[in-house]
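Next up: some structures, all given as structure tokens.
The following pair of complexes shares a single chain, subunit A, combined with subunit B in the former and subunit C in the latter.
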Partner chain A sequence: MEQNIIKQEKNKVYQKSKLLIDRVMHYCPGCSHGTVHKILAETIEELGIQEKTIGISPVGCAVLLYEYIDIDWQEAAHGRAPALATAVKRLYPDKYVFTYQGDGDLASIGTGEIIHACNRGENITVIFINNAIYGMTGGQMAPTTLEGMQTSTTPRGRSHIETGFPIKITEMIAMLPGVVYATRQSVDTASAVRKTKKAFLKAFKSQELKKGTSFIEIVSTCNSGWKMTPVEANHWMRENMFPVFPVGDIKDLI
Partner chain B sequence: MAVKGVIEVEVELCKGCGVCIDNCPTETIALSKSVNGRGYNFAYPENPESCTGCTNCAIVCPDTVITVYRAKV
Partner chain C sequence: MTEKILLKGNEAVALAAIRCGCDAYFGYPITPQSEILETLIEQHPEKQTGMVVLQAESETAAINMLYGGAACGKKVMTSSSSPGISLMAEGISYIAGAELPCIIVNVMRGGPGLGTIQPGQADYFQTVKGGGHGDYRLIALAPASVQEMNDFVELGFDLAFKYRNPVMIVTDGVIGQMMEKVQLSPSKPRLTDQEIEKLYGDWATTGKPAYRKRNIATSLDLDPGKQEQFNMHLRKKYLEIERNEVRYEPFMCEDAEYILVAYGLSARVCRKTVELAREAGIKAGLIRPVTLFPYPYKAIESVVPRVKGILTVEMSAGQMTEDVALAVKGKIPVWFHGRTGGMLPSPEDVFSLLKNIINGTFDSADVPGINYQL
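Presenting the complex of A and B:
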């Protein structure tokens, strides 16, 4: 009885964003991508910029992102999203342009593109999902894989002697004068999701100031690739990824 | 007057990842023993009376299948 009193339209405090298309996402249960897509849709809805936003979707698990959020999209070749975003933003300087890329996309094949786009200070927002693995292709080692972490191509654990150290892209990007905002966030807890949403709002708002690139890294999980349950993966991420990829603002000139 | 909440889970869309259960401060949610049409043990409010409508579960849900209502009763 009490439940029916509470369950009224006026008491609704949280519901799915209207920008999220009614379609079941293809991601594994508990994947961080779904949470980030949701925050992205909520950010665009809150800012009221649905008609003025153009997203660049990547190659990787999030390749079908254009099927999930109701805005305009372009699909880039692997790693080339910043180059495409540069073109879109220069043709339409009043639109809000963002790229959404994983670590295999941005930190490996697309390192050249992202560094030069940030160095030019392109007025775009970059969303970088770092789950330390190539999730889509079967859990191979990525440039961001932790030392000692087992993947299908480093079955004895990654060793820096053979394959180098985990690359800290956000710290590298933050050194470039073209970047106005560089931050690292996560989406494992409700408070982390709230902080990440604030970072999204700030990054999209910063495009209005036309000062330079805003860059958001999200430390994420890949429970299928890591061979864990989603909840275990979140705990593993806090214990092992946060010491190497500490969460927080790295540069803020807005 | 106490703040009470009600959650509504879209059972057929839930993938049973359990992230909501880990984030629920009042241990309201649990995974069901039965499965939905796609074979997942879906989340459901096991202790509905303890819900405060904090929205944590809905915020962390990767598939956004939870709607939250909150009122003073």
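Presenting the complex of A and C:
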């Protein structure tokens, strides 16, 4: 009885974004991708830019991202999203263009494309999901895999002697003069989600200034790939990922 | 009528792109076609038509920029030469799989590997039999003059949009670099988004307005049934292209006893050979495939009953000649003459070989290059 009185339209303080398409996501429960999708949909809805937004989805677990958010999409080959985004933005300088990429996509096979798009200062937003692993292909080493971390291709733990160090691509990107905003966030707590949302709004808005690339890394969990429960994965991320990939703004020229 | 001017083949491609309302060009330098990018930047079409011209960081990036632009429904073009086209193979497959229109120009050089910067025609297999992964086809146009370098840009865009399929203009370093007089095409404005939608439909990813569903450019379908359906759809499209778009140029074939088959520069050489042969009283003719896909199998098949044999000439070790053999079906002999590594066939050499064929001395090894009977 009480409940029904409270559950009224006028009392609503929060609801699912209208741009999130009503279907079951294919992500593992606890995966960060879904939370970031929600933030992305909210950002586009709140800025009222659905008609002017073109998203470029990656190859990785988020390959079907275009099934979840109600905007126009292009599905890129593995790592090539920044090249597609470059063309779209150059042809439509007044539209909002973003890429959404995993660590394998952006920091391994697509390193060339991301570095040069950022170096040209393309007026796009890059959303970078760093879960330190290749989720989609079953948990192999990513360029961001931590030292000592076990994956299916580093079963004895990653050793820099064999396979190098976890790459801090966002710090590298931030060094490029074409980049106006580079930040590292997470989505493991309510307050982290709010901060990430702020970063999204800022990054998308910054496209209007036409001053350069905005880049958001989200330190993420892949509980399936890491072979942990969602709760364990969040703990593990805070304890092990944050020291290597510290959260916060790296560059802000907006 | 516009004026005729003297241009290199590569320059003609660049000017034709601007004049036919191309929206964007993305490319990476490589000999022998860098003049295309250079001419475009020199012309500064941003100022004239708003056309975007950008030097990409690699051919991989260039072809993926093409994907992005093409998915917006725009007329986009890139150009490269053999090693660069190999690097583009991934993107070409994705573009074909997403059914997007675009033009890729390949000004071929000799290979394999880094090969040579000199002209070649050894990318025939790559162009018409695959190159990238999966069951896809490119519409392939093979110009044999600077005029055709100009004309095939507009034709290429027409075909690309008609079938929503990538088009390759396949030519070689000689056609790209040589100068000839060209009748430029009339200048056309670039199309607006509204015009594109009216002409070609509303599939482009331009930002989703309230009145339509969201558009998605993708080559992915994880459902095997649907993926097979899609491949069947593609096959239907390619069959339609084979029915409608075969182009070739016959030369003195009516009474010919021997037919030469060659495309691009080799066809120009063979045309001269036909003239030499006719002067010597030998009834030779030439079939020049203009489209490499769809291939003029029927045109070749139709001469088989009335000729004694066919000589294919290519700047390769023998690639298109396999399609000639496919058309001939073993009914008459097919001989091959190829020059590689940047060496060019000459009208005289081809003529000598033709005489050897007639005299039954084909194997005499007095003509340089790769010669064999299939």
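Methods note: the second predicted complex is superposed on the first by the 254 of 254 C-alpha atoms of A that agree within 3 Å, B and C clash if a C-alpha of one lies under 4 Å from a C-alpha of the other, contacts with A are read in each partner's own complex, and residues count from 1 in each chain.
The definition used in the following text is that a contact is a pair of C-beta atoms (placed from the backbone, for glycine too) under 8 Å apart; a residue touches a chain by one contact, two chains touch by 3 or more.
None of these values were measured; they are calculated from a predicted model.
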item	value
Which superposed partner A:V13 touches (first subunit B, second subunit C, both, neither)	first
Subunit B versus subunit C as contact partner of A:K38, first or second or both or neither	first
Partner chain(s) touched by A:T86 [first = subunit B, second = subunit C, both, neither]	second
First, second, both or neither for A:K52, with subunit B first and subunit C second	second
Contacts of A:V24 with subunit B and subunit C, given as first, second, both or neither	first
Touched partner set for A:S152, first subunit B, second subunit C, both or neither	neither
Touched partner set for A:R194, first subunit B, second subunit C, both or neither	first
Overlap of subunit C and subunit B interfaces on subunit A (superposed complexes)	none
Subunit A - residues contacting subunit B, complex	2-3, 5-8, 11-17, 20, 24-25, 27-35, 38, 187-190, 193-194, 229-231, 234
Touching residues (chain side subunit C, partner subunit A) in the complex	23-24, 26, 52, 54, 56-58, 60-62, 64-69, 71-72, 74, 76, 90-91, 94, 98, 205-210, 214-220
Footprint of subunit C on subunit A - complex, ascending	50-54, 56, 63-64, 66, 70-77, 80, 83-88, 90-92, 95, 112-113, 116
Contact footprint of subunit A on subunit B as seen in their complex	4-6, 8, 13, 15-19, 21-23, 40, 48, 53-56, 58-64, 66-71, 73
